[in-house]
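Multiple structures follow.
In what follows, subunit A forms one complex with subunit B and a second complex with subunit C.
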Partner chain A sequence: MTHVVVDPISRIEGHLRIEAEVEGGAVKQAWSSSTMFRGVELILEGRDPRDAWAFTQRICGVCTTVHAIASIRAVEHAIGATPPPNARILRNLIIAAQNVHDHVIHFYHLQALDWVDVVSALSGDPAKTARLAQSISDWPLSSAAYFSGVRARVKAFVERGQLGIFANAYWGHPAYRLPPEANLMALAHYLEALDWQRRFVKIHAVLGGKNPHLQSFLVGGMATPVDPDAQASLNMGTIAQLRQLVAEGVDFVSRVYVPDVLAIAPFYKDWFSIGPGVTNYLSYGDFPLDDSADPVLYLPAGVIHDNDLSRIAPVDQGKIDEYVTHSWYDYTMGDDKGLNPYHGQTNPHYTGPKPPFKRLNVEEKYSWLKSPRYDGAPMQVGPLARMLVAYGTGRPSRARQLIDSALKQLGAQPAALFSTLGRIAARALEAQVLVESMGMWVDALAEQMARRDFRIQDTSRWDPGTWPRECFGAGFHEAPRGALGHWVHIRDGRIAKYQCVVPSTWNAGPRDARGQPGPYEASLEGTPVAKPEQPLEILRTVHSFDPCMACGVHVVDASRRELARVRAS
Partner chain B sequence: MAQTRLMQDLERQGISRRDFLAFCASMATLLGLPKAAAGAIAKAIETDKRPILVWLEFQDCAGNTESFLRSGHPTVAELLLDTLSLNYHETLMVAAGDQAESALEDTVAKHKGEYVAIVEGAIPGDIDSGFCTIGGRSALDIAREVCGSAAATVAVGTCATFGGLPAAHPNPTRALSVADAVPGVKNLINMSACPANAENIAALIVYYLTIKRWPPLDQYRRPLFAYGESIHDGCERRAHFDSGQFVEAWGDEAHRHGYCLYQMGCKGPATSQNCPNVQWNGHTNWPIGCGHPCIGCAEPNFWDVMTPFYQRLPDVEGIDSSKWLDPVGLGLTGVVAAGAVAHGVGEVMRYRRGHRPPPDDGTRTSGKPREPDASDHEENPK
Partner chain C sequence: MSGTESGARTRAQVLVLGLGNVLLGDDGVGPAALARLERDYRVPPQVRLVEGGTLGLALLDEFVQAEHVILVDAVATGEPAGTLVRLDGDAVKDAVRERLSVHQVGVADLLDVARLIGRYPESVVLLGLAPGFIGLGLTRTAAVDDALDALVSAIVGEVRDLGYELLAQPRAAADRPIHALVRHFGL
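Let's turn to the complex of A and B:
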């Protein structure tokens, strides 16, 4: 038995540590630990609820829109504000752009180099690479001269001896299986995607002023005025610009990203059965298509138990509980109980080893993440959960169509999706579903302009004097990494309590009171490890979830008094 | 003029003011610079090792890393492959765990006093608190070692620069800025804003590569080329402010026609940054351009002193705000800055909130930047 510690897990957002017992060439047990804490919800107490989105937005700069969206939805729910159609449409565009952008960056810059060997790419033959690339896509850059240029550039870089971010990696590891030409193609697209993401994100700059940390959100709507006859508003010029940016997005996702995933996957087919882990999936659904109180969602909500796609249950937020049995917090009524976010409490209390340390005591508390459970069960959240719910419900039909076509191309059954590679494939296919949907919302915005509906915000609820003296609200959102919920309690126009239950908390949380591992931990069980000193395969499975640790860690419901008590003790 | 000293430096390098403005505003590429500079860079790249950077992330959101990825001139691919040697960056580096940590250790050991440390995120002030550990080590321990051996340290984003969000009241983790966590750190440059603008980060790198020294700084150790003037002074809506034309409700006709957002809470008059000129994401837009007020994200303690964000800023020169002032505001309560000129308002607000006073090299309450002095350039490498 070898004890493997991977800290930091790199190519993620935030600070994640994995400890694993490896036996017989595979992980026997694993522990996921988040090692950073800020206390954002505590900082929110006493503040103006209309400001909360900007604070929570800074929980994460990678998924830079998600906590803003969940926050304004929670506050709107609490105070009874109703965003007008323009705001709904603009938010859908912003959310879709975030998902697509995030998924592309994740695949190429955070995940791909677990599967793509850069050193091998240097021996790739440009002509063969061009033939390979042309066989999977009609992307115009796939010429021998182009790949030759990329190879020369990277070769010159390597020969100068300063490898920078590519140094000390696991190049040549036996788990890398792509031929040099596939490696060279993927490396070229790694560099192209760096360029592409910078352009595509302009959608956020147009609609949000800047990225990261867009600044157009408002409780009750959006701050971007809409008027086809005004220079300082979103107008027909904007519509044309958005159409162009969306078209570039569709182009890259459908002609580069998805073909790359489907070209790389056949070399790693065993990974369609590695890393299944938790067999339950949760999606809150998102992308409201109408302005009613209970709108139709483009990506539907649902709960899947035991991998059964034939029975998708509705989501009941009353079934969500959080545990702290293995988390650095105390519950006043004992750490073996779960608490619904509406009644939650968190008293941070670090009981881990004094730094510097070599090992965590995983029998006790070992993470800053809590352990959310749905009806007592751990849940996987994220693109795979959303695509499984879409597949099971048949909505949107495009999702099912793309999944079936990908499975057919790979000669795989739907059960292959319950895996490390399945999570990666689902993310790519979701990017295609969403980038293709964006044109529909651009058109909807243009129609709004044509009918001269310029409303962007519910001005009737802007003044806190119009709010109930005390109110509660919950806001739900499907972030790139999965189901996100914010809960807010407002009293006298100020935040009394605030809490978030976040995708990476669902996926990366530690064991619960019953000893059930979280999704990262469960998925790592059985993951092969050829060389424990070079745990490449562990990275593959962990990265397939797209960890976002800063999001996962938070204070729930801690009152200032409680925290002071804990800190003093 | 804020840029006098800077322009002297640039002119000494054969760079005209016009070229400099193009460089700052639209971020001309490395090779787009005039002949003399381009030649110097080419020579540096040919004959020198690429400058070594290590990028540390502590209590952060990776927003500055994402911002860095958006750099257009030079692009991040150019920076990573051709310009810099980024030896450690948790979010971007391929190696993980021991291999990642040894990349950092090797750099610190072999290039002591030569590399540049970039820090993103605040740093919990207690080693034993467990609030931020990497590889089992505390953030404070890592920051002191790595920044302590660096040629220079660049704090990117308001968390590293001023403590930022983690340090907002009540600062549950006793989060500190780099300046406070690593006392006496050499050649500290603060690139505040939430996040720091990619174009400014790139400009700093280009500046350093071109001129071989760090730029003149303001009293918060921020480069004057990016933080030398207030948002308000450069704002495209300034004419509406001067004419008393204000947005009064979201989506009203004034809002649709781009009138001044002062009444909606804009903090532009109290915020120094070049957003109006450089804008964001390849000069596509900026927050005021999209219709939302500035939230003052480049300023110390902005989470406390600039909130509530939708509360009107008091006492901005050129306006009688008393008729609009609301009686209560979390950050603005008790702020009395009568007579302060536009840029001075932020300073006054900060002092009222008990923020750490700026370095004792002269205060700036009149809006006039102090003259940079030799301390800005101590031990500039090479």
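Let's turn to the complex of A and C:
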């Protein structure tokens, strides 16, 4: 039995630690731990609920919009504000842009290098690479000269002696299987993706008035004026600009990102059965298409049990509970009970070993993440959950169409989606569904202008004097990493209690009172590990969830000098 | 932020990029220095002030559009809290790589990627203060707050060396977007 520790596992801000027992070349059991405390809830108590979004926006160093959206929705729910159509449409555009941007960047920047060997790419033949690229897509940047240029550029970078973003990887590991030309093609597209995202992210600047942190959120609507006749508003010029950016997005996702995933996948088909893990999926749904209290959602809500796509249950927030049996918190009524977030408690109590330590005591408490459960069951959240709900419900039809076509091309069954590679494929296909849908909302915005409906905020509930003395609200949002919920309890115009249940808590949380592992933990069981001192396969499965612990936990340890430490003993 | 339109932005010669999380005590020193600059100085159009929070690659466009970049951040050098730190050249890269700057990974990637896509700015300087306490909280330690004016002066001096003058202006002159941050975070 080999004990493998990977800490921290995310390349971006945050602290996730995985401990795994490897036996007979595969993971037998795994534990996921977040080693930093998050407590934004404590900062919010006593504040004006209308300001909460500006604080929660800063929880996450990666997603600039998601906690703002969940927060304003929670407060609107509590005080009874109804955003007008323009605000709904703008939010849909902002949310879609965030998801698409994040999916592209995280695939190329954080996940692809688990499958693409950069060192091997440097020996790729440009002419052969050009033939490969032209065979999978009509994307114009595909000449031998282009790939030769990319190869030279990366070579020069590597020869500077500091691998930088390419450091800290397991180049040459036997689990890499792509031919050098496929590696070179993917590497070229990695650089293109970085350049493309610079332009695409301008959608947020157009809609939010200011990037990188959008300041245009507002309880009851948005702060962005809509008026086709005014210079400093969203106007017809803005519409043209949005159409252009969306078209570029559709182009990149459908001609580069999705074809790359479909070209890489056939070399790793065994990963369609590795890493299934938890068989339940949850999506709150998002992208309201009308302004009623219970709107139709473009990506529907749903709960899937036991991988059964034929029976998708509605979501009932009352069935959500968080456990702290294995988390460094105390509940006043005992740690074996779950608490719905409306009644959630954040009482930190660290009982783990003093860092630096070799092993966590996984029999006791071992993470700063709580264990959220739905009706007592662990749930996977994220693009795969959303695409499975879409597939099962048949809405939107474009999702089903794209999934079926990808499965056909790969010669795979829908059950292949329940896997590490399935999570990666679902993320790419979702990016295409969403970037294509953005045109619909740009058109809707233009129509609103044409009929001269410029309303952008419901001001009827802005004054706290119009609120009940005590009220409760829950705001739900599908963030890039999955189901995000904020729960707020308002008393006398102030926040009495606030709880966030973030996607990475659902996916990366520890075991619960009944000993049921969380999704990371469960999906690692059975993952092959060829070389325990280079656990590339563990990274593949964890990265397929797109770990971003910044919002799950917080605080950076400035004294930690290493990017990632792996220890096998 | 400094009076430019998102659509037709003039190419910024100098980017002052404040980094750090305002929810985490002294980690918020970068944004705090920027807020003070916004409040107390008139900024010419060739100088762009951007509050980058804890973002990484999302800042790439701002980063590569500038000829000169001044990063402002908490820099954990091991020196006493409030110590003014200035790094340039390869030392910046080493600092973010060695995670001296607490936004290391994102910022290190940002620097690498700018170089990889062939658009690295002419110069990148890191100015900052050694933090005393980084942890949940909206207030900074006294040592860091006391040194904030020195940090702001250092930024003004750095910008002057690049050929632009930030002129002191009476407080609370214009209602600028960053004032939303001032209001929320008590910068």
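As a working rule, the second predicted complex is superposed on the first by the 544 of 569 C-alpha atoms of A that agree within 3 Å, B and C clash if a C-alpha of one lies under 4 Å from a C-alpha of the other, contacts with A are read in each partner's own complex, and residues count from 1 in each chain.
By our rule, contacts are C-beta pairs under 8 Å (C-beta built on N, C-alpha and C of every residue); 3 or more make two chains touch, one makes a residue touch a chain.
This is a predicted model, so every value here is computed, not measured.
*Asks:* Let me test your reading of the model: by the given contact rule, A:237 touches which partner, first (subunit B), second (subunit C), both or neither?
*Replies:* In the superposed model, A:237 contacts subunit C only, not subunit B.
*Asks:* For the three-chain arrangement built by superposition, which of subunit B and subunit C touches the greater number of subunit A residues?
*Replies:* Counted on subunit A, the partner with more touching residues turns out to be B.
*Asks:* Thinking of the overlay built on chain A, is A:456 touched by subunit B (first), by subunit C (second), by both, or by neither?
*Replies:* Touch partner of A:456: subunit B, not subunit C.
*Asks:* Touch check for A:332: first (subunit B), second (subunit C), both, or neither?
*Replies:* In the superposition, A:332 touches no partner, neither subunit B nor subunit C.
*Asks:* Classify the contacts of A:165 with the two partner chains as first (subunit B alone), second (subunit C alone), both, or neither.
*Replies:* In the superposed model, A:165 contacts both subunit B and subunit C.
*Asks:* Considering only touches as defined above, state whether A:64 meets subunit B (first), subunit C (second), both or neither.
*Replies:* In the superposed model, A:64 contacts both subunit B and subunit C.
*Asks:* Look at A:310 in the shared chain and tell me whether it touches subunit B only, subunit C only, both, or neither; answer first, second, both or neither.
*Replies:* A:310 sits against neither subunit B nor subunit C.
*Asks:* In the overlay, answer first, second, both or neither for which of subunit B and subunit C A:218 touches.
*Replies:* A:218 contacts subunit B only, not subunit C.
*Asks:* Which partner chains sit in contact with A:292 here, subunit B, subunit C, both or neither? Use first/second/both/neither.
*Replies:* neither
*Asks:* Applying the touch criterion given at the start, work out whether A:358 contacts subunit B, subunit C, both or neither, answering first, second, both or neither.
*Replies:* In the superposed model, A:358 contacts subunit B only, not subunit C.
*Asks:* Shared contact residues on subunit A for subunit B and subunit C?
*Replies:* Overlap of subunit B and subunit C footprints on subunit A: residues 11-13, 37, 39-40, 42-43, 51, 54-55, 58-59, 61-62, 64, 105, 109, 153-154, 157, 162, 164-165, 191, 194-195, 197-199, 201-202, 205-206, 209-213, 215, 550, 555, 558, 560, 563.
*Asks:* How about subunit A: which of its residues touch subunit B in the complex?
*Replies:* 5-15, 17, 35-40, 42-43, 46-48, 50-51, 54-55, 58-62, 64, 105, 109-110, 113, 118, 153-154, 157, 160, 162-170, 191, 194-195, 197-199, 201-202, 204-213, 215-218, 220-221, 223-227, 230-233, 328, 348, 350, 352-358, 454-457, 459, 462, 533-535, 539, 550, 555, 558, 560, 563
*Asks:* Along subunit A, where are the residues that touch subunit C in the complex?
*Replies:* Those in contact with subunit C are residues 11-13, 37, 39-40, 42-43, 51, 54-55, 58-59, 61-62, 64, 101, 105, 109, 153-154, 157, 162, 164-165, 191, 194-195, 197-199, 201-202, 205-206, 209-213, 215, 237, 241, 550, 554-556, 558-561, 563.
*Asks:* Which part of subunit C faces subunit A closely enough to touch in the complex?
*Replies:* Within the complex, subunit C contacts subunit A at residues 1, 6-7, 21-24, 27, 50-62, 64, 74, 76, 93, 97-100, 102-106, 108-109, 111-113, 115-118, 131, 134-138, 177, 180-181, 184-185.
*Asks:* Going by the contact rule at the top, pick out the subunit B residues touching subunit A in the complex.
*Replies:* These residues of subunit B touch subunit A: 49-50, 52, 57-67, 69-72, 75-77, 80-82, 84-87, 89-103, 122, 127-138, 141, 164-166, 168-173, 175, 194-195, 249-251, 255-258, 279-282, 284-292, 295, 297, 303, 307-311, 330.
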